[in-house]
Each structure stands twice: as structure tokens, then as C-alpha cells.
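There are two complexes below, and they share subunit A, which is joined by subunit B in the first and by subunit C in the second.
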Partner chain A sequence: MQPLRSSEGSASTLVEAPGAAPLVGAPVARLDAARLLRGQGRYIADIERAGMLHACFVRSPHAHARLGAVDGAAALALEGVVAVFAAADLPHQPLLDSVRIEGLRKTPQPALASERVRFHGEPVAVVLASSRARAEDGAELVRVEYEPLAPVLDPEAAAAGAGPDLFEGGNLLYRGEIVAGDVEAAFAAADHVVSARYHGNRYAAVPMEARGCVAEHDPGSGELTLWCSTQGPHQLRRRLSQTIGLPESHVRVIAPDVGGAFGQKIPAHAEEVAIALAARAVGRPVRWIEDRLENLLAAPHAKEQLIETELALAADGTFLGLRARILGDAGAYSHNSTSALIEPYLSAGLMPGVYRIRDYRCEILAAVTNKSPVAPYRGVGWTAGHTARELLIEKAARQLGVDPAQLRRRNMVDSFPYESCTGMLYDSGSYVASLDRALAEIGYEELRREGGPPAAGQPAVGVGVSPYVEPTGWGSDGALQSRWSFASHDSVRIEIDPSGAVTAAVGTPSQGQGHETMLAQIVADGLGVELDRVRVVSGDTSGTPISTAGTRASRTAVVVGGALALAAEELRAKLERIAAYLLDAEPDQVRIEAGRFAVAGDSAREATLREVAEVAFYDPALRARLPDPSLSVSRFHDPPASYANGCVVALVAVDVETGAVTLRRLLSVEDCGTVVNPALVDGQVRGALAQGVGGALLEQVRYGADGTMLSGDLRRYKLPKATDLPAIELHHECSPSPFTVNGMKGVGESGAIAAPGAVAAAVADAVAHLGVEIESLPIDTDRIVAAAAAERS
Partner chain B sequence: MKSAAFAYHAPAAVGEAAALLAAHGERARVLAGGQSLVPLMHRRIERPEHLVDLNRVAGLDRLEAGPEGLRIGATARQRQVESDPAVAARWPLLAEAIAEVAHPAIRNRGTVVGSLCNADPSAELPSAALALEGTIVAAGADGEREIPLADFFTGPGETALSRSELALELRLPAPPPRTGSAWLELARRGGDLPVAGVAAVVSLDADGRCERVRLVCANAAPVPLDCRFQAEALLGAAVDEEGAAAVGAAVAAAAGPVDDYQGSAVERRRVLAVLVRRALLLAAERAGGRS
Partner chain C sequence: MSEPGRISIELTVNGEAHRGEVEPRTTLADFLREELRLTGTHVGCEDGFCGACTVHLDGASARSCLLYAVQAAGREVRTVESLAGPDGELHPLQEAFRRNHGLQCGFCTPGMLMSALELVESRAGGDPPDEGEIRAAIAGNICRCTGYQGIVEAISEALDDRAGTAE
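Take a look at the complex of A and B:
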């Protein structure tokens, strides 16, 4: 393999795995790259089973309707169509969220709609046929009776009780409050009060591999196997067991290579349950590959929130108090991943952000509407809240006539650990340093000096600063600090076989992040072996220890990596004891390095890992010294919370005559504590920034007045392309966590959280002279054009 | 997203293709680069029973620049036309417009003639080719005929071709001396179909006065909108800011854009006025005579 050069602006260069030098911290080339780039990856569409059928769902064309008879006779008459199932054909328990928050109402979601459809695209029936094309032919012929109902689309109206109820008990599922300090007193004492509204857009995650699964039921053993493009095999196993009524011992979930997920593949999806049931009912394996149209229409959406904010400031710009009201549009079901509160609740908890705010009150509401349900997507909950707060601060700076970066700086948390007023314990960080670094790198002072309204015919230029803190590495404690009672722990296992090869088994599958490499680095360092001796396996519930939460919440390095480091330490000590026996030395004199054992002060006495493993397995005499010589260590880990931080800065040019926004520079300073693999971290930061830019400028799920989807293809749902992004500039600070193994923190979501705020603030800065406020994303450029036209005339 | 079943035909000669179209009429579709047709088939919006693939018809990929003009065969790829030195030198508007069509991977397959037959009023090529006063040569069972582009576009996705005809080639006349052109568009992303686009071609007399002007707007009406009438207010004088802005305002008033996923009609009018002004000034400057 050729060492690759890493991207501009970053200190890292890719290296070949070194020998004895520590691997943690080195930009080791990805172990899976050659395999994936050569097309040797194995995704759901690569899985073939004997006698396998192909599925196509019949989906509701209505946003809201009573469901009548489903008639599959015409479809069944087609050659190649084997079965048509509707809800009544596949009895099961509905999907439910398992969130325990008082006052949150549950909304059972069936695998196939029965009696009522609640969103455009909801699955109503499934057709099984000899090929996907034939299944689509069949789906066209399934006749479904609908009696349309008025759709509920506006979350405010839903919360207020207008429109028909989607569920008994009304459309408002939750109303609650966070109260910290004395916010009324803070506002009474304020010299300035600034308020703002923000409508955070509805996103689609759009993983390159859409959803999909293959289900196979073995009538002999009664075992159900589901190969599924999922982030959480154990969680999915649990949901399948609950809905289908099989013990978890008889459900096996395997995540093969997963082509992107970004949170969309955290939940158990109605379609996956339906396919599992259908395979059992038809007695043949069934494959469902979601196409792009289905994915945009019916896979969960994300992030939409309506936020009102109010900031109290002293005359000198000190933040005194913050008030907010956050309404989450949950879509048609409180989704089983993390419920209707996934967005507004998380948003409310992090609303104070990197700022010293002690007096805070936030009202939290969640309502159901006739849209595809909301589930996690990179930066869950935090994107909209962060953007709302940063736009509020921009507005405050303009009203007070102070520099927005300086206003932020003067209010930043600057000593650690710091407990936020919402109960988050910020472990360590470089809040001020990251901001200062970002300002220096972008040349902020100079940009400010050049600022002001543009000369005629010139674009309006603006700069936007977006410092962030990101809860990462969710164990149960991290979840709890986000006010979420949620079991979020991992177990891992490291084994050495008689050949001396190391296998690390973890419950968190990778969706392309490079976990395999990052985790192998930790194991190799922990054991003192070479990188290529370590194999990481993941994502098969029958062979890997349990991960209750799966791959989510920037947690794999901290929780799973931490568990592996601890397991490796234990296994290393055992290896050294066995080597001491073999080499006739005291255990504390034996050291392993790069897979070789040596005795201190005696270079003649040496052993390889293979020789030591051989002894462990095949030399009975060893047991006199070590009764249990097995080379397998399991470890449970549920670390304390950790918080990454950093700062994103955007520089934009706005053509106020056409509304065209050009992103001239996009810069990020990232601090995720101890970095295991800088190249992988850069990849994560870059990808999240791109998605954040998409949200700021382009991405928006749209529904028509009748509740039908208007953004159902990639021409209409506009993801940013490479040509829409500048060369991203990356810089790093490092504040190791005092609470986690190795000081690691999580990484991967910051750009999705902070970039929309940076770009929005930059545009707001550029067009401030026109009096245009940014109150929603993606930026409505026509408002800028209209304001500029009005100003000219 | 799998197309409905269809029969596939790969004729080797124009006559054979025309015969297939004559035989199957409404139930057949011509396949050129497939970059518009195939996605529509996968979505089952188009469901031809017969697909007549032109890609194996010998000679249809011709690209010939001569003294009378340019001939672009039905299977000549957009990328091929865009990178041709003669096109860049004499019909730079075409190259400039194609550069905004999608991305190279798509232009490697997509054809210029296919884009015209696809007749998307928001697409770059129909407007650009109309501004260059192109003519389509069509072939049917009864032989060939010429259709000026001014008569070719009849509605969104509709052309003057009958279902039993295929377009053989696009012909563009040689532009007069002292001609400059410009393609300007507003697109939400690089490679997107424009929210609005403008093709301007300005020819000057020896004294720098506007002698001839062609102006066509994309996404301003159900067909590429020919705004020659509004633009001819510039004739006889140097093209200046004020004159160009007046044409922009007149075009915005005359256009009939609609609300769609890209933006509102109101926004389109605003943007059209700006793009028309800028495109006319740029074309005049390139013609060598901006005052």
C-alpha cells in the first residue's frame, strides 16, 4: 500500500503501520480501504440465499386516510408473484419506543398500516416475487381502498389541537419544561433583551446505501436470521423479538458492510419487521432493497424544530439568562428509536452551549403530524437548537453594536470541569482557544476591517462563527446528562487463537467510519502486538458481545475503544505470565512489544506470540501455575460522559441581485481529546461539515398542502455536491478527557451541528445592511433578493 | 425503481430505426444518451413497450464544423461537443451552456440532440441552440425534413417531431463577424437545471452599435422563451447598462414563469431581469464593443 497524503490544512499524513511506535495517534491507513475500493465489500444487495424472493412495498399515496380493503388478487395472477401480504396476514405486536420520560405518550406503529395510514409512503402491503422488477409490477396491481382524511401538517396547529387526531388523546404528545436558576429575575435585571424565532429544516439523511434487509426463517430450529443494514444489531434483535414474539436466542441479526447510515439506521424500521414476518409466512428467504425514491419518501426524516429564543444581557454584553420554547415535529409516529422527543428534548438540554448561562427556562413540546416519522440523524437534536442560539447571539451583537465573536468570547465557559445549568458536566475543553484559533486562521480582524455594505456590483461578503460543545461518547451517564434514561453500554471480547492471531469482537458495526482500523489500533497498542495481527469483527448478534445502543452518539471510540483498551490490558498481563512460564522468568520481567516477548536484561530469552499461544492451549503443565490459561477476555464498559468542542467558521459571498450564495471558505477547529487516528477524524469532520452546509443552503424535505411529498428525488432534495464546497480547512486542539480511557472523546457530528450556524451567521452578516434576518434554513435567498431590490428602488 | 418490461431494438441504420418507429408509433421511444429517458422509465413515468436505441446507428455521432455551420449528429455526446476546438472558437455559447449541464459523467453519455428532443424548458441546450438559430433535421418513414428550432419546441417535453420520426442532427449556422455571446444561469447547485437561464448573442457593426441580437430565456415559459422582440430595442446603439436593464425589465414582464421546486414565479422574474442585463452586457463586451 502506498502511504497517502492527507488533506490540506491538517497536520496528519497517512503512514504504514509502524512497528513498536504507538499506533494510537498515528494516521494509519484504513484496513478496509482496499477491500471496499475493490468492490469486495458485502452489502445487503450482495447477499443471495437459495430460493430467495424479492419484496416491494405498496405505499400509501395519501398523507392521512382510513384504510379499507387490500386486494392482492390481480397481483397474484402475475407470473412470478408469489405472495401479497397486508397487515391482517402478518399478526405481530406494534413497534414502540422504550423511552421512559414521564408525560410522553406512546404511539404504536404497525409493520404494515392497519385501519389508518398516517403519512405519504407508509407501507400498506408487501409483494413478494421472483425479482424486484416483478414485485414492482405486482405492487402496481394491488388495489387498496382509502378514505382520505384531512392531513395535519403544521406542528403548531397539531400542538394546539387543530385538525383530526392521528392518535387517541390528540396530536400533542408531550409538554414539559426545564427550569434552572431564576430566569425571571435575570430578565428583570437585564439591560437588553433580544428575541428571535427559528424554524429548523426537516432533513433527510440520505445514506448512499438505502435501507434493506434479507430475512430467512429456519423452520427446523425456529431461528430467524435478518441480515440488515443497521447501526444496532442487538437493539434490532430486541425489537424483532418483541414484535414477532420469538425469544432473543432465536433471532440473529447480522449487519454486513453498511454503506452509510448517519442515524437513520438506528431504529427498527417497520419494513424490516414486515420482511421478517413475510419470510416466515412464505417459508422462503426474502430480500428487500429500498430504492432512493422510497428512502426519501418513507425512511425517517430528521431535525425539524420550531424554536423561539430570548436572551437577557447586561449593558457590557454579559449573558444573564435565556428563555426558549422548542416544538418538535415528530412526524406520524413517536418513533421506536428514541421517541418524538429525540429532537426538542436534546435541543433543550444543550441550549446553553459553550456559554456561562445559569438562569434558563425552556418549554418543550412534541407533536405528531402526517409526515414520515423523525429519527436520529447526525447531530441529533442539537443542530436546530445550536443554530437558533447562534443566530440569536448574532442578532444580539448587531443590536448592541458589538463584535459577535467577542460577544461570544466574553461569555464562554473557560474552566473545567464545568457543570452546565442543565446538568451536563463538561469534562475538559478548549472553548476560548478554539475560537481564538479559528479567528486567527480565517483572518478575522482583517475581514472585520473590510466589512460593511458592498460596493455596487460587488457581492456582499460575510463571516460567521459557530463555537460548539458536543456531548459525545454516550455511555449511560452521557445519556443521563442529556436527561435521557437510556442503557448505553458495551461489552467486548478479545481472543487469541492457537496461531497467535488476535480477534476483537464488538457489538457496534461500522457504516464506513473506519472503526475497524481505529479499534485495531487500540487493541494492538494495548496488547503490544502488530496491527496486522488484529482482526476486528462486529455486528453479528450470534458472535459478538452485546452493545445495547449500537453505533450512535459518537460513542464507539470512547465506549467500545475504552472497553477494548481495558480488555487488552488484562489479556496482556495474562500473556506475560504465560510467557514468563515459557521463558522461565518472573512475570514482571517479561515484556511484550510488537508481538514478541523478551526478558529484561537477557536478550537470549525471547518468544513469539504464537509460541506463547501454543503453550496456553496445548501445554497442560502450565495449569499448575495458571489454572485458567484461556486467551479470551471479555469486558463491560459504561464510561462517564465526555464533551468534544471546537469552532466552525464560514466566509460567504452573496450576490444580492440573484441570491446566489458562494461559500468561499469553511474552516473548522476540532477538539475531540486524544485522537486515535487523525486521518479518520479528519474524514469525520469533513463529512459532517458537508452535511451541515447542505442543511444551511440546500436541504429541505417539502410537503404539499395535501401532505404529499414534494422532495422525493435527488433533484428536489438537494444534497451538496463536491462542486458546492470549498476546500475544507481543518485544524485541531487537544483537551484529553480526564474521565475516559486514554482521554478519548467522540467525534463525527460537530460539523452537522455547527456548520449550519456558521453559514447562516455568515449570510446574516453579509446581508445585515439590507435588514434581512435569517429565521429558517435552508436560506431563503429570494428574501435577500427582494430586500436588495426594495433598497435599490 | 425498475422499469416496466419493454422490447429492445438496436437498429444499425437510420432507415431501420425509422421503420421501427413507424411500426410502433406511440408505443416506442428513441434512446440516445438515456440520461433523461432511463430515469423516467425506472420511475415508470415513461413506459415504452419498444425502445429504439440509436447508439449503434453508424455515423450518427458526427460532429462537423464547416463554412456553412455546424452539424451535430444524434448520438454526438455533450462532452464531445463541449471539448471541440471549432465549437469553442465559433459557437462558444454552446460550450459555455453545456459546461453547466449536470457533471462530466452525465455529459459523457448525454447527447445534444437528445436534450433538444427532451424539450425541458428549463434545460440549457434548448435555449442556447435556439439563440444560435438551429435547425433540426428529422427522419421519418417518408424521408427527411428540416424543422427550425423556432418551430420545434411545442410544450414541456413536447416537440414538433411526430412519434414516428427521429431527429438526425442539429444544424447551426455560422455566426456573423463581431458576434459575442453569453450563457448565464442561476442554479441552486453546480450542475443543476437552472432556476432561470439566459442565452444572449449580440452582433455589432463596425462602429460598435448593436446590429443583431438574439435572446432566449430558460425556465421562463413552457418552452424556451424567445425574447428577440424585447432585445431588439438595443438595435442601432451601443449596448449599455441602462439599455440592457430595460430589456431585462421587459423580459421579466413578458415571461410567464411558474412556481416549482426550484423557486417561485416571482423570484424567477426578479432573477431573469438581472441575468438578461448581465448576459447582454457580457455578450456585447465579448463582441468587442462594450462602451
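Take a look at the complex of A and C:
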């Protein structure tokens, strides 16, 4: 049996809130855990308002149709049904993506479909009733006229101009190119050229708490409040303001506890806009709780890309050049969060990965199809691109007859900072060291020696290595280096009240990552106070400074944590000045530690934070000395880009008779620079790895030939269970960023980016003797079984 | 007398007697959440697949989304709210989850705790289960956040502690 505790015990043994610095680096137990464990979390479905109605959406049963009359009369006749609204009843501006990339066509998306439905599950009308059950009864009675159109499901056909067109101008929304160096010359000089294709599966975030919101409009003040299961309250406020036509000052968005999000809760969702409009129209609070079918059907999907790759190599295995073509299947709209380019464009930018590739050309395409729109999901477009590249390298190693890990190693970036050919400045890293560590920990040499086709009746065993680099901590610079136009900065505020309690207000809510704890550690260290004195608040636009991007892109520690560290430093200096006044000392003689001020060399002169705060607020004499003694500091921060790295290794056993793949070991070496809270980092890494394994082995949104979505429950859309995963082995390297506050980098997406590649490469290794190539995920077990049967006969 | 279309039920929840009037189609999960305001029991799928709604019915774990409230009439229901002490002090199992980082967003957590509790209580005094058994015991509870490891470690620790105190 594997040991239960991870090999590096530090992170799995949590420490209680320690009193003294440094807290940064300590595996402090989550500050809010007890509340959630008692069942006292407050999620959207737990929010009740007086007079609240319940909503149920009427959704299109067709993938593509012209929309005729919507008749709610029969529903309205039902007792308990209060209103039925269709698009015409709730005038608003459509949702638009705000990405500024030349050549990308916009696809206005209404909150409720009008004239046309473009995917199975698109909301067409909303029924409000006294209970959810009653609203569902009503929804069944709403009559909608549809005139079905042919669905466009194949992105390749859509890109080639096959219709009918979803939008004026055709179904291809974008075609562009990245060109670096002279790729033609590189290929002309190559001794080997290896090519591969990869169809990245369409899968979804599937948070355990599906989407939902409660809207309330106050006709007196004109203020709209939306409690919403969202990752970006400020961003949602902006979208609501734009679609509904209220100034942002009159829209308040509150994210309560959020039961997982992983990117799916970044966009403003059509349903949320509809609920806000409906609440205003009906004059009562309205709650909408998405059910699981709706979540799989109509919440954004992710990851689907068709990728062709070609690698030029010298005789000794040196990578000379890389060519790629990436087509993203955007679904029915270029979604308002990040547009149709979230997949192919980001994929193209990171395609060179951890390797020294200077000559690169990539064609990028994005097409709309009649499926649920694509939005960010942990690892965004990087997942499919990474998997395609690693499978290509795997194939190259087999063709050249060299070891795949060594082929990777000889081509790795090994000095920093390094500017990739796509313009990313890799700040620091342990690319080679992480690979070597991963190989040593998995016992690679030995596994290789034992390798080869299995004995009869034995499972085929394979090992897959997947080294990664992950753009993290997106400020505007990080976004720009991914060639993405995206406001991605934060402001924060730290305040101390007269009792000496510290409140840090940030615009990035947590969805389970434990940000409150991690950020409190930074603030406590920065101020020199005890951890339990610090409270981090987030999630309410009316009380927190603006976060233009919200919680996404592994940015909270670097951007918000960085901002808090800077704010704390400023506030600490001010506190020490006030304490110096109180203690009759020079400011540079006073130091605060664990919430107590002391004068150097004079242990008799001491003050508590409470005493200093009291003076700051209520001592008029201080005012004469210090024009602004207020204990509140705001700070804007938009840090330079940083890149985390590491290496994931998977060991699989494939039963070639049944096709069953068992993940025997899953190991990751993670390097995210300076770690604030190792326990939280490990939690993020493990969670992302598990989702990556799901994408590799289990998860796929399936559509029928008529565009009907076929995987509408958790039996047909399989998520990893505890029995599908081994104990995940984690190891750490640490390459602090030279560019960020404290050397921090982001963490949280690496497993979702690199685990599918590791598992796919491991299966490819295991079944290589059968001549099976892995060209899509989740692993097609039927193909393996068929190949094994063909070999036997 | 109950309203037309409604059935009146009596049941014990977390040791307290309750009565209520429900539509025949009201699930136990909805009854607990909406009528009794015990919102610790979460609903993640309403299909029996995710386990977020797990409670104990007469001492055995059950999915409250698959039960009608009327099926719980005359029976004893136990929810996550019963675990902590009167002043909020955590149950040893909850404490083990906290110490081992056995939760992230907390949405699966109440159901996970109730499944784990069944394992811990049923194995009191016996041989502690190995990792495979622990994983099997929670295989009906989906957690999207943690990768399960902190949860497995927490349950293992709670079982060890129990074995320690039983000796």
C-alpha cells in the first residue's frame, strides 16, 4: 500500500494559527474551515429574502432553430405561477466579449433568446413562482414555436464555411497567425520531421455547487443587488450595468460562499442577467438555482480544440522548429468572459512550453458551432495545447528510438530569464531540476528497464512525463505576454479599527482555495500582528476595492497578495510613527512584533496595537503632529508576469482486454516560487491534478448528430471518484520570481494543464506495442481493445 | 388536518421531534433545507450520484435527494448539524477534516462527513480500514476540489484516534 501521508510531511500536517512571524511559509490551517464543517456555509441556495420568488428557465430543446411565439398563458393559469417572461418582455443590451484582438468578430448574446436559438439548453423564457417545484411545473406549460435549422456541430466544417450561419458573416470568427523566426528554414534543415494530430475533448468545470443567483431591486433607491455564485463580482457588476442600463454605482454584486467554480463562474451568465431583469420587472426578489442537468447542458463548456502539430528535429534530437494549426470550437457564442479565443489563442501562445524553440509558426482559428459556449476552465486553452505538444514529443521519441524524458531534457530551457519565441518572459524556474526530481521519485530508470510489451494476461504498463510552464499571477503584463488584452489589476485596502482589529478588503472572492487564510498570513506578517487579529473580506462590490479581473488566472497570491504586502508595509510604518509619538521615541527606534510595539533598548516602554489605534483615532494632540493619522491604506498593484513550472508523471496499467486504465501512481513536482501556505498550495495542486485526470480518462460532453446534448447527468458525465485516484505524490522545488513581491508565483492550474498530457503519454507508452496512437481524450478504450484483439488474431 | 394535496408528517431530526406539512413530491433534502432551515445538507445533483445530500436515516447513510420527506415519517434523521457540540466545538471527525485540509469549497463536505461518520462509527473497536476501504466508503461522494487526499487522510486519522481511545 502507498503511504497515506505525502512524502514531504510538512504540508499535510497543518499548524494552528501561530502567534509570531513569519507566517508566510507556514502551513496554517484554514481560518474558515470550522464554519464550513459545521454546515454553516452560506451558499446561494441558502439565501432567503422576504417575498422571494423562485425561477425556472424554459430552455431550447433544439440545437439550432428559428424562434417563434412564446406563450406563457397556460403556465400563468397555474396556481403559484406569478410571471412568465420572454425576451420581448425584458429589453436589454446583449452580452458581448470585451476582448480587443484585431480580427475577432463579436457575437451578441441575449439574456433570453430572441429570433434564434443557437444551442440545446439556451434559455428562452423564465417562469417565476412561489416555489421552485411550482416554477418547474409552469415551465413545462410554456409553449414555444420553433422552426428547426440544421445544426452546425463540426468545427472544421464551420471554419470551412459550412452553414447555416449562426451569425451574419459566417461561422469562422477568427483566423490569425503567430510567426517567430524562420520555420521554413528550420524544417528544411531537419533530419526528422514528426507530425501528429490531437482532438482535445470538450469537458467542463462541473463545480459541485452549480450556478445560481438571487436578485433584488429596490425601486426607491433604484439599486439592484445580485447575490451570485461568481468569481468576479466587479466584473459582473460591470456587465450587469452594461446590459441592464443602470450605472455601476447602482448595482451591487455579492458573492457568498461559492461551492467551486474553476473558471466556469468567471463570465456574466445570460441567466444572471435575465434574473436581474425579471426581479426588477416583477418587483420582488427572485432566486435561481441551476440543477445539474442545466449545468451540464447550458453552463459553459471548455477545452475543445483540434490541433495539428509538426516538429522538426536534428539528428541528435535537438528541436529545430515547430508548426501548428489550432482550431477552437467556441460553441454558440464568443462568450463574454474571454471570447472564442480563450482556447486556441492561449494554446498557441504557450505551445513552445518549456522547450527551446525559436522557429515557430501557428495558425489560429476559432469557429462557432451549435453547442454551449466555451468559457475559461482551469488551465484554459493551455491544457489542449500542452497535451498535443507532449504527445507529439512522445511520438518523436518513439520514431527516433530515444528515451522520451531525455529527449525533453535535452531541449529544455535552462537559463533565466528566458524570453520565449512567443514573447513570454519566463522569469525563473527549475525546469530541468523538476524533471530530474520527478524521474528520480518515480524510479524512472527502473521502470524503463522493466518496460516493453507485457506478458500474456498481464496489464500493459506505461509511464508518461509531462513537464510544464504555467503563466501565473496575471496582471496586465502577464496578460500582455499571452498577447491578451485584459485589464487585470487590483486595489486592496487594509484598515485598523479603534479596537486594534485589522480588516483587509480585497476584490477577489475565494471559491474554496483558502485565500482568506493565505492573504491574512501576508497581512499579519507585513504588519507585524497576530494572525487571528486579521480578517480578510471579499466578495461584495459595495465594500471592497475593485478587482478588474476577479479570481482567475492563478493571480490572487501574486496580484492581491502583492498589493496587501505593499499596503501592510505602508501601514506598518505609519503605526510605528504613531507608536513613537505615544512612547516618546524616534520612529526608527520603534518596532512592532506580534501586535506589540517596543522601543529598541528600553523594554519598559511598550504599547499594544489597541493603544496605538486608540491614539490614532482619538488623540487630538496627535492630529497636530500627523496630518493624516487614519489607519487605512489603499494600494493599487499590477505586477510583472511570472511563470510557475514543474513536472507531472503518471504511471498507468492498461488492461488491453477490457481497455480499463488504472492510474497506479500520479506524481508532481511543483515550483511556484515563494510559497505562502504549503498546505493550501498542495490542496490546489492535488485538486487540479484530479481534474486533469478526469479530463484524460473520464470526462466528455457528448452531443448527438442532431445537436442534442447526451451527457446530462453525473452517470453519463463521469467525474473522478476517490477510487479512481491514487494517493497523489507531491514534491516541491522553489525558484522565487525575481520580479514579484516576496518572489511569489501563482499556483492552482498546473495539474489541469499537465496531468492530461502525463496520463495520455503514459497510456501511449503502455500501448505503443499495439501500434495505437493517442489522438484524442478521454482515452478511447475501444480502440485499445480492438487493436489488442487484432494483434491476437 | 392537512391542506389538500399536503401530507402531515412527524419525524425526529437530530434528536428533536418535528412535524410538518409537505407535498408528496417534496424530497427529504428540500424538507430539511426549506422547512427546517437545516441548510448544511447540500444538493448537488438531485439524481443520487454526487452524495452532497447524504444524511443518516435510522443510523444508516442515505441520499436525502432520493427520498421523499414522507418516507422519513416516524423515522430518525441525522444531519451534519448534529455533529458539532452545543458551543460549536467540532466533532473529532470534523476536527480531523480541518487538520488535514479535507475541504476546500465545503460544498461536498457535509455529505462527505456523513458518509465518513458511518464508516468511523461502524468500525469502532475493530481493525481500522486501509486506504482502499476508506476510498470505497466515500466513492459515492464526489468532491471536485480536493482530489480526495486530504479527506482520506482525515478519515484515516479519525479512525486512528478512535482506535487509540478504544484501547
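In the analysis below, the second predicted complex is superposed on the first by the 780 of 793 C-alpha atoms of A that agree within 3 Å, B and C clash if a C-alpha of one lies under 4 Å from a C-alpha of the other, contacts with A are read in each partner's own complex, and residues count from 1 in each chain.
Basically, a contact is a pair of C-beta atoms (placed from the backbone, for glycine too) under 8 Å apart; a residue touches a chain by one contact, two chains touch by 3 or more.
The structure presented is a predicted model; accordingly, all values stated were derived computationally and were not measured.
Once chain A of one complex is fitted onto chain A of the other, the partner contacts of A:R715 extend to both subunit B and subunit C. By the touch criterion stated above, A:A29 is placed in contact with subunit C alone, subunit B being left untouched. By the document's definition of touching, of the two partners only subunit B reaches A:E657; subunit C does not. When both complexes are overlaid on chain A, the residue A:E670 reaches neither subunit B nor subunit C. Judged by the touch definition given at the top, the superposed model places A:E390 against neither subunit B nor subunit C. Within the superposed three-chain model, A:V258 lies in touch with subunit C and out of touch with subunit B [touch as defined at top].
Of the two partner chains placed by superposition, only subunit B is touched by A:A786; subunit C is not. Contacts of A:D359 after superposition on the shared chain: neither subunit B nor subunit C is touched. Looking at the superposition, the partner that touches the larger set of subunit A residues, subunit B or subunit C, turns out to be C. In the overlay built on the shared chain, the residue A:A690 is in contact with subunit C alone; subunit B does not reach it.
Comparing which residues of subunit A touch subunit B with which touch subunit C, the overlap comprises 133, 291-292, 715, 721, 723. For subunit C in complex with subunit A, the residues that touch the partner chain are 23, 25-26, 33, 38-47, 49-50, 52, 79-81, 83-84, 88, 90, 94, 97-101, 103-110, 113, 130-132, 134-136, 138-153, 156. For subunit B in complex with subunit A, the touching residues are 1-5, 43-44, 103, 186, 188-193, 261, 263-264, 266-267, 270-271, 274-275. The residues of subunit A lying in touch with subunit C in their complex are 1-2, 4-6, 12-14, 29-30, 33-34, 36-43, 45-46, 133, 205-210, 257-260, 262, 291-292, 511-514, 679-680, 682-683, 686-687, 689-691, 713-715, 719, 721-723, 725, 727-728.
Remark: subunit A residues 131-133, 136-137, 140, 291-293, 657-660, 698, 702, 710-711, 715-716, 718, 720-721, 723-724, 782, 785-786, 789 touch subunit B in the complex.
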